[in-house]
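What follows is subunit A paired twice: with subunit B in the first complex and subunit C in the second.
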Partner chain A sequence: MDKKENNKSIFKSPYMFLVPPLLFYLFFWFFPVLISLIQAFTSIDGGFSLENFRMMFQDDLFAEAFFNTLIFASVSIVLQFILALSLALLINRKFKGSKMFLFIMLIPMAIPPSAVGILWNTGLIQTGWINSFLSITGVQNLMELMGIASGPVIWKQATGLQAVFMIILIDTWTVLPSVMIIILAGLQNFNEEYTEAAKVFGASRSQALRHIVLPIIKPTIITALLLRLISGLQVWLISVMIFGFNTVPFLLERIVFYTDQVRTGVYSYKLSVTYSIFVVVLVAVSAFAFVKLTKTKDWSGANE
Partner chain B sequence: MNSVGKRITFYLIISTILFSVIVPMMYLTTIAFSSAVEISDYPKQLLPDLSHKLKIDWDEDSNYYVISRLNNSYEYEELYYSSRFDRHQNYLTTYLNISKTEEELEDDFIVARETGESVYLKYNKDIFNNFIKFFEVFNGASAALFNSVKAALLTILLSMTLGGSIGYALARTKIKGKDAISLGSLIVRMFPAVSISVPMAILLVKFGMFDTMIGLAIIYSIPNIGLTAWITRSIFLSINRELEEASLVFGATKIQTFRKITFPLVLPAFAASSMYAFITAWNDTAVALLLTNRNQTLALLLYKAIGGTASLHYAASGAIILILPALLFTFILKNYINKMWG
Partner chain C sequence: MSFLKLERVKKVYNKTIEAVKRFDLEIERGEFVVFLGPSGCGKSTIMRMIAGLETVTEGDILLNGKSIIHLEPKDRGISMIFQSYAVWPHMTVYGNVAYPLKLRKKTKEEVEEIVNEAAVICDIDQYLKRYPNQLSGGQRQRVAVARAIAVKPELFLMDEPLSNLDAKLRVSMRTDLKRIHQDLKSTSIFVTHDQSEALSLADRIVVMNHGYIEQIGTPNEIYHESESMFVARFIGSPPSNFLDVKVELEDNKVFLVHSTFKYEINNKFVKTLKGKYIGKTIVLAVRPENFTIGNKGIIKTKATIVEPQGSHIVINANIGDVEVKIVSPILDILPNQEIMVGFTESIGLFDKDTEKRIK
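What follows is the complex of A and B.
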């Protein structure tokens, strides 16, 4: 146990496994985060200032971007939760051909975002496949009879909340399988005897679902929805690919806009860094709030 | 009676869901195989045509052949006229994806001139035409494809070595602070990649890695190292240590034991995390947009390709190229996950 032996064994210490990853994160994660913090809280001449945040709040599209992001994240999480849960319950019934059904249902989650953008772009243009489909199936005629539409709908003209809801639908189409598959995994680990016991004691199907199945798979659901919340707050690509910049603003769309589209040097850089910090804080706060809000006592006991 | 109604509702729901997935995918595929003329058809077809039905007429007064095509409304629509076969040939390749030689066209067309009646022809489409054109129309598409693969491989390399060593340390050694490491990887994952990318640009410029694939791979690895660590940790934990000890007892060195015993056993886990890494890199658009300039990836190229409606069918075929590997790996991974969790 003398000093020499200690020096030698430093290289054989298990902590050596952690040195390369730690260095990696120090250089490529901690430094950039630190830089952006410093950049966001300093003025151009270098002193501490909140000028950048004032500039961000005064950005013409800040309020709309913030509002749209919140609407998108909250509506899509509720919609996707309801749909994913019902789908998972449906597939869990193991009907004839349920494996094939699951296979086809999972396809959208495998499609890269920019391909999703192209897919829906070919649909949303006026002579695109959505209008073609409506016309072939006769829905177009029905809509015209009812006076909802006159001629093919010009989808890309949607603005404001309408456009946000269109993006929510496209996002739901894409990510629903990934939410569903996590909930399904939770359901498949679930012991059927609990529900059967409940039925013996006279519980209806929906009662068993509400009071037994849901509380037990709640941790799984929370995990799935937390992931959705985090990426929901980072929506931008579909909006830009379908409507272009500045039409349906989101917080991340602002970051990309100020980094990639405007190149007025230091101001746009400061703005995008400040937006980045704002998004990080927003993500952290909402994730924390979400976990706090959903964490009630009754599920931990049921988790065996 | 009631149960029949229930079953009908059940299968109605199932088929509605199936349709909502299949219909968009079918249309995308059809558009990817469409020729320039079909792109302007409205309403668009759900299934791709493998051939075009054409009608050739000889116009006596002006001395030229007229090409008409049977369109969606089952009417012959006049498309092109010329007296020269090279022009006809050029038109058919560019706008209808039909590759025929001038001689073949001449043989078929001349009948119309000799008999004075319409000639009805059915020409097969060259189905790979759009995929070849995609690489011609979009500048640097093949370089972008190559870049995507390169970025993905570098991401795999980085996440495997760094994540694998964390996973090994967590499973096999008695180090302190394991909880802190797990928490750390969670915090790292929660940071939006776009937010990191903005300050990262400056750092990469300093290191001379801006606009390179290694620069992108570094960002892609940030969330993936944690994931790889988590997957490999659980695998290292599940391997029977006695096997390794036996190998050591029989005189194998530590490195030999790792190569011959441990590595083959952890290979599936490494394969799975490689696929995750591949998908992260392959699918990304945002980071590539912010951290590259001239060296695009395929996903970024497609993001930028959205502008023109005229080349939408080429963009769609590019999208198909982008989708196929992602689809393959996602489904392999899905099976792997099923195995892991029973």
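What follows is the complex of A and C.
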């Protein structure tokens, strides 16, 4: 009788509800991560080895991929922060037509990444819409007069940092609305009386923005930028869509390249797994550093 | 020359909504003026125009004889207490009080001295290092007051500063505000919809309704000589009771006739009533405490509901088809008990058409 009661109580325990998610994490998170770790730290014969990491560091494009990734993540986060904040502040002023403006701004969010690639690809080819636009508006002539360009610009021949900056601009075009909308949400929750108090007590507009508004919505901004930092370190698709593999390397572009493009079996597989581990560590370290560096003093985010 | 002067001030939103239709007021230095009215009457809008947080559509606002309507809020020499307190959450209490002083380019020593002084006045000196979310509503309110007095303003604006506090704290805070005003003698404008707050704080009350001023006067004038039925209804808790009565002349005596009573008028009203109102229906306004209960009464009725208040009781009774509230010091009246109701001399009469007071 007692035993039966006991059995029943185990199944009635609230912890039973944790079983499905635990199973989920076990199969779809823990095992893959474990397997990747094992693969990365073992040689082909199965013993523990750092051989894969040596191979990765010696990869011809590793240094450039690493450098490009860092440049991309840091420049895009700054650029997107400044633009998103300005736009959010503008839209938050609720001028006539601000809702329409917001609507138009959000359109890039609705376009899937590969379509973004195609869109910009058709723009960046020599006879693409960007060059047409430049020539119709007369900017092309101006550029030629000033000696910046001779003949239509061949955008897709850009290499190195130029190419990275082009990708940054395209990425910014795509993700700006999502950053902006998080900051805008922060601003709309913001108690207007905080700013009004600042103005009454002697602050100019810009002082009120710098001393009152920004510090108070800082937690929101940090969240938005942290998300951007993480996905910035994982950039690859735009680069591949526009320049193809091996042209403007990024860390994640390497992973995709070695999993998808090279079919030399176990070596490239191990290389891509090792790159993955490297990216995971990079993302974790950067995110942690970002949160630490931007930490607000403890006022417990009382964003009332 | 008055200290603050508002001339024909008008505020229109979106070209159609008239929040303030016309507002004329002069305030002397050191006065405590309360803007009182129901929500949407334009009282906060007026205050925000004085602060510079709203533009003025028409008219002018003069401070010390100079127009201020084109000045930025920061250049007007005012300070303000907000309904939500607007105590900045990312600054300590000290930081909140000190920030306006820093903007005024005071030295560190001056700032410290002024903050400490203001903190002592507002009784928050033990919380200076705390953040606002570690304080109760009442303490935050005190921080807002300390911040406002620290800048030694020409003019002190308060926009429903007590409405977020619980009832008990509201009453004690209101005494504190009055004390601070008496000590500092700063000219103050206080916006509220709470008539008891207005009565207890104000030197003068400005009663507003639908964007107009209904009456300006001392608390006693507003209460005992309400200029309109709106004011009589808005002020007092419970408010005035209104009874429609007919003015009749018999043997050269003026009577107010109601279906349940006939009351002879023999004071200042006689002349006016004889002149204009014989045979007409007017409104008799009686404050709850201006009813009498006892043998001298002229109306026989029954107490329907009795609400004891400690020092007095509030009786609901029907006079004709109107339910009136009577405040009585006689504490032992029971529900359904028959009572004889009369009036004291302090009654008010209103014109039924214009709703204005008959003098």
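The criterion applied here is as follows: the second predicted complex is superposed on the first by the 293 of 304 C-alpha atoms of A that agree within 3 Å, B and C clash if a C-alpha of one lies under 4 Å from a C-alpha of the other, contacts with A are read in each partner's own complex, and residues count from 1 in each chain.
In this section, a residue touches a chain if its C-beta (ideal position, glycine included) is under 8 Å from a C-beta of that chain, and two chains touch if they have at least 3 such contacts.
Computed from a predicted structure; not experimentally measured.
After overlaying the two complexes on the shared chain, residue contacts for A:Asn131 are found with subunit B alone; subunit C is out of touch.
Of the two partner chains, subunit C is the only one touched by A:Gly202; subunit B is not. Once the two complexes are laid over each other on the shared chain, residue contacts for A:Glu193 go to subunit C alone; subunit B is not touched. Of the two partner chains placed by superposition, only subunit B is touched by A:Asn121; subunit C is not.
Of the two partner chains placed by the overlay, neither subunit B nor subunit C lies in contact with A:Val281.
When the two structures are aligned on the shared chain, A:Ile216 is found in touch with subunit C, with no touch to subunit B.
By the touch criterion defined above, A:Val78 reaches neither subunit B nor subunit C. Judged by the touch definition given at the top, the superposed model places A:Ile255 against subunit B, while subunit C stays out of reach. In the overlay built on the shared chain, the residue A:Val291 is in contact with neither subunit B nor subunit C. When subunit A is checked against subunit B and against subunit C, the one touching more of its residues turns out to be B. Here subunit A touches subunit B in the complex through residues 14-15, 17-18, 20-21, 24-25, 27-29, 31-33, 35-36, 39, 87, 90, 95, 101, 103-115, 117-123, 125, 127-129, 131-133, 135-136, 152, 173, 181, 185, 189, 230, 233-234, 236-237, 241, 252, 255-256, 259-260, 269, 272-273, 276-277, 279-280, 283-284, 287, going by the rule given at the top. Those residues of subunit C whose C-beta lies close enough to touch subunit A in the complex are 51-53, 72-74, 78-80, 82-84, 86, 88-90, 99-100, 103-104, 131-133, 147, 151, 157.
Put simply, subunit A touches subunit C in their complex at residues 191, 193-194, 196-204, 207, 211-212, 215-216, 218, 296-300, 302-304.
Note for the complex: subunit B touches subunit A at residues 10, 13-14, 17-18, 20-25, 27-28, 30-31, 40, 42-46, 158, 161-163, 165-166, 168-169, 172-175, 181, 184, 188, 190-192, 194-203, 218-219, 221-222, 225, 229, 282-283, 285-286, 289-290, 299-300, 302-303, 305-306, 309, 312, 315-316, 318-319, 322-323, 326-327, 329-331, 334, 337, 341-342.
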